[in-house]
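Got some structures for you, see below.
Each of the next two complexes has chain A plus one more chain, namely chain B in the first and chain C in the second.
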Partner chain A sequence: MSAQSLPHIAATQRRLFKINPVYLLVVALILAIVVMNPAFGEPTGYMNYLKRVTALAILSGGALYVIVSGGFDLSVGSMMTLTVIGSSMLASNDPNSTYWIIPLMLGMGLIVGLINGLVVSYLKVPSLIATLGMMITLNGVAFMWSGGAPRGYLPDTFRFFGRYNITDIPVISLLPVAVICLVVFGVILWWGMHRTNFGRMLHAVGDNQQAARLAGVPVERVRISAFVISSLTAVLAGVILGGRAGVSVNIGSGFELQAITAAVIGGAQLLGGRGSVPATIAGALALEAIFTLLNLLGLAQPVRLVVQGLILIGAVAFATYQRKRAGR
Partner chain B sequence: MTDVPTIEMRGISKSFPAVKALQGVSFTCSKGEVHALCGENGAGKSTLIKILSGVYRPDGGEVLIDGQEQHFRHPQEALLAGISVIYQEFSLLPERTVAQNLFLGREPMKRGLIDNRAMVMETRRVLGLFCVRHHIEPETLVADLDVASQQMVEIAKAISLNAKVIVMDEPTAALNEAECEVLFSLVDQLRASGTAIVYITHRMREVTRLANRVTVIKDGEVTASFDHVPAPDVVVRAMVGRDISEYYPEPATPAEIGPVVLAVSSGSNSALRDISLELRSGEIVGFAGLQGAGRTPLAMALFGAAPFTAGTMTLDGQSVHLTSPRDAIRAGIGMLPGDRKAQALFLMQSVRDNGMLTARSFANAFGGKDGNRFVDLNGMNALLDQMKVRAPSYEQEMRFLSGGNQQKAIVARWLALKPKVLIFIEPTRGIDVDAKASIYHLMRDLARAGTAVMMVSSDLPEILGASDRIVVMREGRIAGQFDRSASEAELMMAATGETGVAA
Partner chain C sequence: MPADERRQAAISGRLREEWENLTREEDVKKIILAAAAFGMLTGAAFSQAPNFDDPAEFAKQRDQLTAAFNGPADKPYLQYAGDSMADTSKFKKEGPWTVCFSNAGVNNPWRVVGYTDMTEEVKLHPEIGTFTHVDAEGSDDKQIADIDDLLAGGNCSVLIVSPNSTAALTPAVEKACAAGLPVIVFDRGVTTNCPVTFVHPVGGYGFGIQAAEHIISNVPAGGKVLMLRILPGVDVLETRASGARNMFKEAGLAVLGEEFTDGDNAKTKSIVEDYLQRGAIDAVWMDAGATAVAAVEAFEDQGVDVPVVTGEDQQDYLQKWRDLGFKGIAPTYPTYQWRTAIIAAVNTLKGEQVPSPEWVLPQPAITQDVLDKYINEKMPPLHYAMCGCEDMPNYPQAWGGTK
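Coming up: the complex of A and B.
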């Protein structure tokens, strides 16, 4: 009897042990920030933090789709830049323009994602290279469009998503619109990744592409969809970031690697096959919390870069080590 | 001086949780002789060798090397005692050179650095001992060598370790005719130089050609032992004389074989020539042939993965043109690939996800993952139960399962779609005896339910035991068709195109 129940006990223990360490990390970091800066414990403090993290969190959730499918998308940062620059150029301070600019930008994201996906799937260009090329291209397009110095600025209707609260509804008014966006898109991304057939196919393609093909998975369609989702979330992240921070020519630069870092902190397998949307969003929260801490410590931007690089390497090394210990 | 055998195994017994693998097996091998160890797959040959080489410890009996009792606890200890085993799956590192492989873990050092020159020279010397006709450069990468040459390297490794005993586990399994001859002359040389050789095979031709003595194992017991080489049929009878019906299910009765499901006429592509065949519902057709005869390309063509470029194919009488696995699956054809790890398994995903993947691929992409028009979670659990997949939980990641259980989970993947034709490529490669028998029964149950089953296998006893009809391929063509009463010799002759192959 007892011998029979043993494997089940072991399985339960393993599951208990399996709480993703990223959640503990986020809690620890937030506590550290509150200790150093009690104002962070006030609603305005942590709401500002959540507002800051929203763009990265949504972006990371989308980038995770490509990572789980076994690729990388380095073009998302420049897609964000292009979204912000393009929107500001087109808006010319017309509050009504927002309603067609955002769909237009999403359309552009769709096309960029399609191109990324088609190049990777059919021309067999490694995704790292294909999207690096796209990153340079989009940066160039943004630069040409703005003529080097962005003119115009974003109307308040556009900045609504990144900057403001809905003021006329009682409880909701406490929440920045950005945070509502994070919850809504977070749930959509979670659902797509973890509750649909598509999400399972995505995992399969990243785990073993050849086997996926032989099992009947439409591998190309799945991979292209992943790149499209990644680009679309980049547009959304761009809208929110532009709303919060305003227009500048390199506003999105560096976000592509931050997104990958967030996914890896969240335990995603870098070569595909494993990854969790909630854990990736927690990874983004952790990364932003680390930056906040560094700020509080009075460390400047260059230190942030060093830390981010070390985290990326460290997180991958840690994940590899854990996998090895788990038996393979 | 009395003749002390180099190895002597007395009354070896070994049990595994599900099976009694060996019972009172005794086996000896002396200097300068080739002792053939024969038996069907799963008879216990490999278990015996793993006990000899320290991989397993016996439950009972003793192992004597040069008359001294030994208790190997680790393969390394057996290696130091002069026992080298060359397994079917080589233990070479593909991205290292021949010399580096030969000296793996015992590289000659000079002033704290690896002495490459000494390594290469010694490798050249050892290879020179026997590879005169078949030149291998010490600095070639192993990955760049063909299978036969890789085997030479394994043997060279054994020689450079001063092996007293070399065990070869079905060494010709992956070799072509010419390569086999090279191997045979090498075995002759090793024998002449005083090495004791244990040669595992179920091919009678090799027994006749090489052996001094023959021992036959069946169901974990020695059923016959000869100090000479007897007539091939005597050995074969000892090998298969048991009640085969327990291992292989009953063949189909004529009434069970139904109409033609899949037919190909003059199918050709770069690997296949003029293939015409019919697969019927209720029937298991075994495809035999040597490596490279075109069996796997044929399966890939039927499955749409490497389509025919000429000829016609019909499914249930309707002409079909399949250009991708997805087409084929939609039309009702399933395939279990031969290289499970590379082509079928999703090691990081759960057993259930592995089972449900194909059904999900043909359902609405944004539909819920827990159920679709083919199967839902309960249905998949039932299929996995029916398949007797042994796992602590179906949520378990696939990589923790044994080969046999992995294979069963993949069968469940196809059962969920109820295919008209199911192609198995090397369905029992690398899985244990118990699981093998259940795979055979499973194929038969599928056939009884009306599926046309195609089985590609390199294992002749399996082909003869599990098929209703046998197709032999050679050089991309169908070289002959046989019913299940054919002999291994007939199949081998058709497969090699030679006459006078003894069996």
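Coming up: the complex of A and C.
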């Protein structure tokens, strides 16, 4: 009996030791923010922060699918742009339009993801190039569609997801709809990656494509699915970001790299085969917390950029070091 | 006119640069990098380069804001400051003309509205046989090549240039002048006096002054002002900011901070939210209006009363201002200057007199009492209301509006 329980305790201890450093980073950053600014501990403080991070967190979770499968998706930022611009063009101030616009945009995301996946899988174009091309194309489509300037507003029903707060809730007093979206989509993405056979195949493909193929994994289908999931989350992130901030021509640009950064801070391996959805979401939280903390410190913007860059490099270097030491 | 003064006025067009346009410009990237390095070394905010804080130019533009302009009051695109005119009889030519236009880019909503003003103005002049537009897509190199191509083609009766950047395009403009072509420059300027005229509104200091004066008169002494800017290092955005900063100091207002938004709504909203968490804000000063609505929403979503928030003449801001009833003001950088450029070209080819060496257009601010006049809910959110285009035959459809 005791012989059996001993390894169990050892395993627990090992697991504790192996805790992903990104969680410690998030906790440390948030504690620092609270010390700097006690108002952050109030619901408006931390809920605003969560609301702000939702678009990036969902996007990173989706981008992680592609990263784990051994690819990159650079088209997600422009997919967000297209979602926001396209929705504003189609909505023409009609509050009832939201119910068909969001499904339509998801349909567009599906097609874009399919094209990305097909090009990468069958035309053997490296994903970096294929999705870079898609990024430029989608930006062009958004520009053509709008003629260079947004031509409509997003109705309040559309902005509901990114902007609206549910108030009068006990204990937390207010709950942004965006935070509900974060939890719901976070759980779905976690489940897909870590609790399904598809998730295991995804890891297998990213780790060693040949081995996965020989083991009977439908490599092409898995990779295409990863790109589709990534594009779909980009549409969702676009809906939330557009809801939060409103229409602008360049909305979403730069998010593709932030999403990859969040995944890497969360310990994902850039060449595929390893990555965790919760840790990636924590990576997004850490990224936003760094921005917030530096804002609060009141440093001049150039200093902030330098510090931000150094923290990012440091965080990834530290995470890599930790993993090596932990023998993973 | 002193070269400095002319240059200062010339760069006023640069304020139009949205960040996405600017980041494409190598030189601006260098400026940002240099500024970042400088900031790191000193650990301080950007210190002001003296040419961005020129008291003489500041005073001149302040006077021009309220000065009387020549020309019909209901047609601001025909008005001009001063009496200095150029004789263009040597350029007189029988129609039909080929009007050539080398454009820095059509890459932000302001330029989209302006370019529409221009193409609609062309339609009003039957003497213009051909209107040739070449788009430099925000690149100095492409624009220099474009102008070379236009000159080599030999078809142009007149050349209109909206330079991508001042220094880089000056030689190209000089070359066109040397080829004997009448040249009209507008928006951003060049550092040569060879063009027939340089069309532009009052300028960057003027914009900063209008917004700052409104804040000063609506906020008690000691009030806290947050300054939101698009980017550092761009001359005309710097002049807007330096003008306002000096005025706040004089009036005894405290500047909470100067933050750069990259013209990004989400970032703007986050910055204002963060400042709100740290304490009250009595006014938000903006160097351009594109993200003004996001700043207003930050207050709205926190359930805080919206204080004085300045903006620009975009429809979305004007409507938000009316709907929420906060104390707004919309200084403008009027898009009607795009019309004026065509008018200057037409007058030149007719041999008529043209205000020169500069055609300084009025730069009105939209204030509470005239707000309703400029709101048109049928126009797109980023339509710039000060377009001087309401009297044109294809208004509003050509600008994306509905009747």
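In this section, the second predicted complex is superposed on the first by the 275 of 328 C-alpha atoms of A that agree within 3 Å, B and C clash if a C-alpha of one lies under 4 Å from a C-alpha of the other, contacts with A are read in each partner's own complex, and residues count from 1 in each chain.
FYI, a contact is a pair of C-beta atoms (placed from the backbone, for glycine too) under 8 Å apart; a residue touches a chain by one contact, two chains touch by 3 or more.
Everything numeric here is computed off the predicted structure, so don't read it as measured data.
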Combined model on chain A where chain B meets chain C, clash or fit: fit
Touching partner for A:Gly70 - first (chain B), second (chain C), both, neither: neither
Touching partner for A:Met201 - first (chain B), second (chain C), both, neither: first
Which of chain B and chain C A:Pro218 touches, first, second, both or neither: first
Partner chain in contact with A:Pro155 - chain B first, chain C second, else both or neither: neither
Degrees between the directions from chain A toward chain B and toward chain C, using C-alpha centres, nearest 10: 130
Which superposed partner A:Gln210 touches (first chain B, second chain C, both, neither): first
Touched partner set for A:Phe40, first chain B, second chain C, both or neither: second
Touched partner set for A:Arg274, first chain B, second chain C, both or neither: first
Closest Cα approach, chain C to chain B, once both complexes are overlaid on chain A (Å): 35
In the complex, chain B residues that touch chain A: 303, 305, 325-326, 329, 335, 337, 342-349, 353, 356-358, 360-369, 372, 392-393, 396, 399-400, 413
Complex contacts: residues of chain C adjacent to chain A: 18-20, 35-40, 43-46, 106-109, 111-113, 232, 257, 259-260, 263-266, 268-271, 273-274, 277-278, 290-291, 293-294, 297, 301-302, 316, 380-383, 400
Contact set on chain A toward chain C in their complex: 37, 39-40, 44-45, 48, 52, 55, 147-153, 163, 165, 241, 244-251, 253, 291-292, 295-296, 298, 300-303, 305-306
Chain A to chain B touching residues, read off their complex: 7-8, 10-11, 192, 195-201, 203-204, 207-208, 210-218, 225, 269, 273-274, 327-328
